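Below are structures written as structure tokens.
Next come two complexes, and both contain subunit A; in the first it sits with subunit B, in the second with subunit C.
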Partner chain A sequence: MNTELPDIKLIGDELPWLKEYRAAGRREFAGQGIPTAKTEAWKYTKPNRFLSMDFIFNPRGGDKLAIPEVNLPFVAYKIYFENGVFISCDDDLPDNIEVLPLIEALMFRPELKNKTGSLADITKYPFAALNAAYLNEGVYIHVKAGVRPDKPIALINHVTAAVRPELYNLHHIVEIDKGASVELVEYYGYTGAPKSSYLVNVVNEIYVAANAALRHYKLQDEAFKAGHLALNAVNVAANGLYKSFCLQKGADLSRNETQVCLAEEGATAEVDAAYIMNGWATLDTTTDIEHLVPHTNSSQLVKGVIGGQAKGVFQGKIRIASNAVKTEGCQLHKAMLLSDEAEIDVKPELEIFADDVKCSHGAACGRLDADQLFYLRSRGIPEAEAKQILIDAYLNDVMAKVDDENIRSWIKLSQGNPLPA
Partner chain B sequence: MTEKNHIAITDESGDKYKYGFVTAIEADTVSAGLNADIIRLISRKKGEPDWLLDWRLKAFEFWQGMKEPSWAKLKYDKIDYQSLSYYSAPKQKTAPKSLDEVDKTLLETYDKLGIPLKEQEVLAGVVAVDAVFDSVSVATTYRAKLAEKGVIFCSISEAVREHPGLVQKYLGSVVPYTDNFFACLNSAVFTDGSFVYIPKGVKCPMELSTYFRINARNTGQFERTLIIADDDSYVSYLEGCTAPQRDENQLHAAIVEIVVLNNAEVKYSTVQNWYPGDKDGKGGVYNFVTKRAACRGEKAKVSWTQVETGSAVTWKYPSCVLQGDNSSGEFYSVAITNNRQQADTGTKMIHIGKNTTSKIISKGISAGFSNQTYRGLVKVTPGADNARNYTQCDSLLIGTACGSHTVPYVENRNKTAQLEHEATTSKISDEQLFYCRQRGIGEEEAVSLIVNGFCKEVMQHLPMEFAIEAAKLINISLEGSVG
Partner chain C sequence: MNGNKHMTTPLLEIEDLSAGVDGKEIIKDFNLTINPGEVHALMGPNGAGKSTLSNILCGKPGYHVTSGRIWFKGKDLLKLSPEERACEGIFLVMQYPVEIPGVPVTSFLKHSVNAIRKYRGEPELDTMEFIKMVRDEGKKFNLDAEMIKRAVNVGFSGGEKKRLEALQMAVLKPDFAILDEADSGLDIDALKIVADGVNALRDGNRAMLIITHFQRLLEHVVPDFVHIYADGRIVKTGGRELAAELEQTGYAGFMKESR
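For the complex of A and B:
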């Protein structure tokens, strides 16, 4: 992939700020390049395999696409994308929830200028710069003050046969106003061409206002040669709550990075994740929780099961600013290796500049317990089934972090089997 | 090229750093600068064989192509490597045969430091000492008694002359000169250090100890320690460091290499108390040290214990390479930073052999405006079946302006490995403080009591004399950090 991106004519270029923002994205991406093993933030996940691939960026083409057949086993306000292109949004949305295609929102809501790229720093994240260079697709979701919708909002990106390696660039801006409480589901899947080597590059900028709550669930189930890179940049105001859970189980190289800024007193972040893989993939969960003010809390639980020749990566950072006393941050990562060639790399980091804080992190790495396996086997349970029971039990506590029962059972059903067939 | 230096006595011992005096001693110091000629000169002064000079020159050539690392969480002024002098030795007419021939002023200095070199010959001491003053080793005690057992304990220059086979075989085999920027610089210009060889089946009858002191102005100290523990042997080795108070920064870039063979055990303890600079961060020693032990044999065991209270900047990661099956590595560390001190320290445990175990206990205490980082790596290679690691890093913050950071890396490529890591950061609890105060203990005393309790797990691994000294040092280091 050439880091010198061509200047493609896109809708919205007539707005000077947007044209400049895209140009800045191109400049930054060319300047930073694709990270290598020497880039500390990408020490274990090496996206340099993208270097050899020639991704094609295809802005909204001529064909009008049909609504893809994706069935989610729970009710939701669904927003569909196919191959990174906005298709449709359920029309039963209540008036107090606004959903607009991003480019439309940027053109008609001048106030969104300040909300674009203000959380996702393109000077720091090279793939956010790539995203900015082709800023075009995505949605703007605005949940008005005090609204508590009866159903979750679901963002679905569905990839159909991609013959050539294509780049799907998505940028969502989500605003949750004061006192509102919403569930947001992201689902990335594919049909047809499991061997497609496409790249999905998502940036979410999420603003949680005072006393508001966002529960953010994500299931990444891309095709096994695909790339998936996501940056969730979140700002939480006073007494706000951002709670997220992400299960990564697909793609060849996948990174889900969550950067939360606890900007006002009483803000809370709960960032949980799981990853399950049996293949060759690298699955990366990266978090960066910044406590800027006193009385903020964060907790993280990440669990992984890795088999085959796959690699699991966890990089978690808790940062506490110098005046942010009376804060609590805790983090726990646990991983299980199932095969001889699997690999786990972990880097939990604490950066603390205040004394009156309680911070902890833990990391553990192990395998299936032989005694437990023996116990089940001695009761007549076949080996494969016994292993599956133990893995399900192992992941049970992190799955329990999903508050919504229907979504939890959907995620559990899709978790798949990390054991070799 | 050489010049004589006379340094006036400027004992400013009124301050808290009681080792901050300068000894007026005639020194043979090489003029500042670093080039191949200086290296040849150092090598000639020490009467080294050609292979060693070639090795130094190779290291120097490699070093010129290297960049100073910037990944550590440390901020310091750029070091001008050309303004330093790379060799300074106390002047002596001929090599001393015994302690009686060593310069009196020098011995007095060591007395002030609390190292009774002289008395040791007479009193029934238990520690054999090798003292390194600026760049060269000045005295080694108890040689005769050690020789009886076949233990070689001498300066590395002497070992090069008298045991060239051993030195050539092991020098640079644990830390090659290509390892890192500071290790490479050390390989090019190292002037002295200690050499220890424990023969097969010998349990070293006493603790071995080295005291390092930087005295002369504008010199860097680059010592190199090489310890070889042959099959079934045991040694406990202590290291202490001090330097005078000076306004400018002094550079210390040392290497410690340890080779542990079958069934052998090495215990290495350090109390590092280089001058930390004054309360505004002026002066102090830059301490860039590469320490590594290779457990080459089966059931080999290495244990690093360190108490780090000194230095303006510390960059130090004592590591264990666990090559032999069933070998084990341990790392116990207490690091205390106050005022403007910065420390980036930790360990690396590389599991290569089967059934290897490692344990890391790190206690960090930051006070004042200081910043401290624990940076560690636990790596399990695919062949290291049943590797086991337990890591615990606790940090204590005293005051609102200091920082404490934890950056552990865990890389596991073996499913049978069992790795655990825990880290916590907190402050001294008000309840504990209240409890002590209520019983009439002053605030400062109460803090030092709590801090000593916090460090106890590590301190109990220090040899007795060192443990007492270390406990005192902790109290001194934290003075003025409360209230």
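For the complex of A and C:
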């Protein structure tokens, strides 16, 4: 992919700050380049091989596209994107939840200027720079103070077979006001020839206000030739909760990166994830939890099942600032390898500058237990089904992190079989 | 015992079996024929290769067969996968039942029952019916509804594990059951419960191979034949009285006899 991006005329260029933000994105992306094995933050995932392909950015505002047929087995306020383009939003949204196309929101809400790029740092994260350069599609979601919606808000991203490699660039700004409590679902799926290559580059900037709670569930089930790069940059205020769960099971190359800043006392982050894969995929889960003040808590449980010649990457960082006493941070990563060629790279990093904190991390890596497998088979259960039972059991505790029962069973059902047929 | 034995096809025929594990020869020229309805006891000292034989009959990976054939219902058993053997009607009460965290007994048993039914071309069982059936059977083995909701064997005592094995056997109703030291680690009450479960399955058609080194279980489940197994082969076969004799003399005498 060429890092010298063209200056494409986009809606909103008439706002000087937005035009300059896009230009800064282009400068940063060209300056940083595509990460390689030498880039510390990307040394295991090495996106340069996948990104040697050129992905074309093709803004198509104004196209009349039909709502994609995606059936989610739970009720939600649904926001649809097709091939990276905003299509529609359910019209039954209550008044106290706002959803606007992002550029429209930026043009009519001058105050959102300060919320754009303030959490996702384009000087550190090259794909946030790429995202800024083409800032165009996405939504602004605003849940007003004290609101507890009766159903989740779902961002449904659907791709139909692309004729040429395309870049789908999405940026969402999510504001959860004081005391509100919301569930946000992100779904990425496709129909059509699964061989089509495309690149999804999504940045979420999420602001959780005091005493508010956001439960953020994501299912990444992209086509197996696709690339998926996601940055979730989150700020949590006093006694706020950000709780996320992401299952990655699709794409050839994928990273789900979550950066949480616990900015005020009592803020909590629970960042859990699972990944299941085979073939040649590389699936990366990267976290960075920053405890800025005392009395903040974080926990992470990440579990993976890797078959074929696939590679799992987990990089988990916990940073505790020098004044952030009485904080707790724990992190556990576990992986199960189903084949001899499967690979796992794990990099935990603890940067603790305060005393009087509780911080722990652990990692484990195992295989399917031969005796358990024989036990099930000796009771008539076919080998593939027996393996699936053991894999499901292995992932049970991490799946249990999904509080919403309907969403949990949807994720479990979508989990699929990482074993070669 | 079985008057018209010569007229029935044997359920299981083991012919000149030599086999082992890890390059080590454990079973040597072993022969055994079991007809429908018969209960055989196989008694032998620790390390004789009893569990090795059970595992080979059930197709556990990791064992090698150097020579010999095994026929089950006229089929070449060694060509079948462990699950096919189970679906054909073989069931092993394991000496050391395996713990499977995260898999509840009921869901495990449902997979098992339905897999076997599917193999036989029968429709799947209705979930409610199935749960009721497992609960009713569970009571017979003194395993309450709470126990069968738990993960397979996790946190079960030695005796509870054996009772769960017997419960599975009662639910799956195999044509041929192998009980590998089903009596070890059982107190007298539990032994009685397991024995009752075994006896309830004796219907003149089902056959059993009861592996043990004590006479204990055989007082409750009376065998038609008793075989003494030492150093990889059967050294003596007799009726139920042989078990009592063995208890008196120990294995040493028989092992000398065999040389």
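FYI, the second predicted complex is superposed on the first by the 416 of 421 C-alpha atoms of A that agree within 3 Å, B and C clash if a C-alpha of one lies under 4 Å from a C-alpha of the other, contacts with A are read in each partner's own complex, and residues count from 1 in each chain.
Here is the rule we use: contacts are C-beta pairs under 8 Å (C-beta built on N, C-alpha and C of every residue); 3 or more make two chains touch, one makes a residue touch a chain.
Just so it is clear, the structure is predicted and the values come from calculations on it, not from any experiment.
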| item | value |
| --- | --- |
| Contacts of A:41 with subunit B and subunit C, given as first, second, both or neither | neither |
| First (subunit B), second (subunit C), both or neither touched by A:380 | second |
| Contacts of A:15 with subunit B and subunit C, given as first, second, both or neither | neither |
| Partner chain in contact with A:210 - subunit B first, subunit C second, else both or neither | neither |
| Greater residue coverage of subunit A in the superposed arrangement, subunit B or subunit C | B |
| Contacts of A:87 with subunit B and subunit C, given as first, second, both or neither | neither |
| Touch list for subunit C against partner subunit A, complex | 58-62, 81-83, 85-87, 91-92, 94, 97-103, 108-109, 111-112, 115-116, 119, 151-152, 168, 172 |
| Touching residues (chain side subunit B, partner subunit A) in the complex | 71, 382, 395, 397-427 |
| Complex interface listing, subunit A residues touching subunit C | 369-372, 374-383, 385-386, 389-390, 392-394, 396-397 |
| Parts of subunit A lying in touch with subunit B, wherever the complex brings them together | 40, 44, 322-323, 325, 335, 337-367 |
